[in-house]
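See the structures that follow.
Shared between the two complexes below is subunit A, which has subunit B as its partner in the first and subunit C in the second.
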Partner chain A sequence: MRRGWLALCVALCSAAPALAQKTAADGIAEYRKLLADGNPAELFEAKGEDLWKQKRGPKNATLQACDLGKGPGVVKGAFVELPRFFADTGKVQDLESRLLTCMSTLQGLDAAAIAKTPFGRGEQSNMEALAAWVASESRGARMNLPQGHAEERRMYEMGKRAFYFRGGPMDFSCASCHGTEGQRIRLQDLPNLTKNPGDGIGFAAWPAYRVSSGELWSMQRRLNDCFRQQRFPYPGYASDVTVALGVYMGVNAKGAESIAPAIKR
Partner chain B sequence: MSKNKFKSLALIVVGTAAVVGCASLPSSAELDAQAQAMLKASFREEGIATMQRLDQDLGQKACSGAEAPSEAVSKQIEAESLASVKWPTGGQYLGDWKEGEKLAQNGRGMTWTDKSADPKGNGASCYNCHQIGPAEVSFGTIGPSLYNYGKLRGVKDVADPASAPIVQYTWGKLWNSKAYSACSNMPRFGHMKLLDEEQIRHLMALLLDPRSPVNQ
Partner chain C sequence: MADPMRIRAQVTGDKVTVRVLMAHEMETGQRKDSAGKTIPAWYINEVSASLNGKVVMTAEWGPSVSKNPFMEFQIKGAKAGDKIGISWTDNKGEKRSDEAVVS
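Coming up: the complex of A and B.
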């Protein structure tokens, strides 16, 4: 895809580097706009809605009694308030860890087995469709994570510490790329996730359809790839560090309009 | 208000304070310890990406907050980093800028999907963060532009003793970036064995060789 981008840049930009810096970004914005005309995430959303209503698992049950934080079965508006504290599990959960709970308790599916399944395969491909649909039901709503429960505030502090934690052979932390305004990796704009980065940016954009791989990436998968590029060890699916980072980014993004599932290069 | 009524009211106030107290956050040091435990429990080893990668050295630990470390700690990190720099064998600082450009373009290596941690398979990822050669428009902006790096610093002949300070600084920066800035975002390519001496020589040439496109 980088090659494709370059070809696009060559076509759209002048060669002068100072000028190219601006026009290259313009070119990419144009490219994204063209892509957004039809977002294939819709296909995943439709699959997710079907899955939500479908009787599945050993208990042959639907997910329609699943409580995503606003009461059993309430999906609209739930996404922009996650992660949040759930009294029944005694934990702060993000969308995917909460869906895991519902798939396990309502449908009798094996949560641990799903967490171990590679992204894009088996129940994980169902999970990404479900995440896409639930997110789409809050499209246009503004991020509004609750911080009323002490555990929600504690997880924010955990997320903040994880965000700034430097390690690995390259000394990277999340903040290395996402702690400052207006920076890029190659041509990719990097949102500053220590504050509200703006409507539909960062936490308010994932899940997203990735054109480069033709896949729907959930927030868990996005974080997983961040850690891979950070050269860290492997983060467990729905592990505390991923949920804590969700709380940190989501609370910081308060007021940002959610456009998830967005479309990304 | 009767004495009894006052007493029960006082109890409610005390009780409420206790509940609020329970709901308040642990101390910052306790939260730090909890975060460490959370990281240990959340990650697992995968391929070459071992759990030791989460064991922080002095600099990593000191640079893991929203605030920079104290002046004294920064100075200590910089001094220790500078002392750790391995200078090039036989005083040979420069390699081939063409090889340097290839390394600068290459962002591979050290992830859990890479088979080996041998530097020979690693790139230097320079363009991820820096503008360097004029032909590459897909460059990042996390680091400063390195276009005309040698030229701007007056390096016309790297063997000229007048060039020695900038040549040595550049080697030190590539080997251990923290020698000059305790919390630099730049990886420590030599120190962390991300690149070997020969590869660093090639990057040196890309930046300093007057024939390199960087200095045209």
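Coming up: the complex of A and C.
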């Protein structure tokens, strides 16, 4: 009898702290919530808005006539429909490759030189700010990438192949980490990017401010780092493979609410 | 000249909550660049907040504050329409002041 009571007590006593314990994901979610109120991405948004309206480049022009897919100068809601097909360039473009096009055609800046600039320097730091501002203008809208054009569907298939392509010294693909539910690296939950991982997660959360480095990361930079982690060679800035991956992830995330520019640890 | 601050000041009950984001590198002086040379310290060391021109708070900061710092505080007795001023000085003597109206 006595032994029975003791066993019961042990069972109850050990159950109590388990109930009170937070999971790692809860802790991280709480930390993010605390940070979100003072997201320094706002500083980049303000800078981006100024840059959009500022006369720059050899042609001394603003970006206000830039067509992001919803007509010249329409920024609201454009972000959640990118990447998409653009008739003037005959290509599927994501936000950054489209901004490059506008910067070269409207302002006369050298797109190839900007693409070669390391992240966070020179014109690339302006690009981050512009991406942050354009994304912020669609905050709260739902991802809705068009798939009407044949080229958009082709890019989706290309992105899918790139996503599942294994290689490099680790024999990794994007899908190794982002292809199933409930995976994580250390304490970081990894979204399943083969389907809609939910509101404000995965594709719907970039660009984002990274607290650890104090920098704003655009989607191109995010992808660049994914390639680095796989020990693949770096993809070219605004290259077809990065845009294709964007189409694949973006179409999969259809319906997810965009919270970009978000904040990351 | 440093980039502008983002200041939000909102009435919450009988207090005003002020949230400030400052754009600053906040170099600690402990880091080294890719060539192995120490990056010189560069951080905000004085912050002051004013309500309608009257100083209500001063703070001494150091290198341990993060890059692009966020500061939040509350002022008793302030009301909508009041002017909140924030200014900082860094260790290089650079200054920045911005203002916001309580809403």
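A few remarks follow.
Here, the second predicted complex is superposed on the first by the 243 of 265 C-alpha atoms of A that agree within 3 Å, B and C clash if a C-alpha of one lies under 4 Å from a C-alpha of the other, contacts with A are read in each partner's own complex, and residues count from 1 in each chain.
As a convention for this text, a contact is a pair of C-beta atoms (placed from the backbone, for glycine too) under 8 Å apart; a residue touches a chain by one contact, two chains touch by 3 or more.
Keep in mind it's a predicted model, so treat the numbers as computed, not measured.
When the two complexes are overlaid on their common chain A, residue A:Lys116 makes contact with neither subunit B nor subunit C. One of subunit B and subunit C touches more residues of subunit A, and that partner is B. Using the contact criterion defined above for the overlaid structures, shared-chain residue A:Lys53 touches neither subunit B nor subunit C, since it reaches no partner.
Once the two complexes are laid over each other on the shared chain, residue contacts for A:Ala150 go to subunit B alone; subunit C is not touched. When the two complexes are overlaid on their common chain A, residue A:Leu187 makes contact with subunit B while staying clear of subunit C. In the overlay built on the shared chain, the residue A:Met170 is in contact with subunit B alone; subunit C does not reach it.
Contacts of A:Lys195 after superposition on the shared chain: neither subunit B nor subunit C is touched.
Once chain A of one complex is fitted onto chain A of the other, the partner contacts of A:Phe232 are limited to subunit B, with no touch recorded for subunit C. Contact residues on subunit A toward subunit B in their complex (touch as defined above): 2, 5-6, 9, 13, 15, 17, 20-21, 24, 150, 153-154, 157-158, 160-162, 164-173, 175-177, 180, 182-188, 190, 194, 227-229, 231-236, 239-242, 244. The touching residues of subunit B, counted against subunit A in their complex, run 22-26, 31-32, 34-35, 38-39, 41-46, 49-51, 53-56, 59-61, 63-66, 110-113, 117, 127-129, 131, 134, 137-142, 147, 178, 185, 187-188, 192-194. Contact residues of subunit C toward subunit A in the complex are 3-4, 6, 19, 21, 23, 26, 66-68, 70, 72. Across the interface of their complex, subunit C is touched by residues 37-38, 40, 42-43, 46-47, 209, 211, 214 of subunit A.
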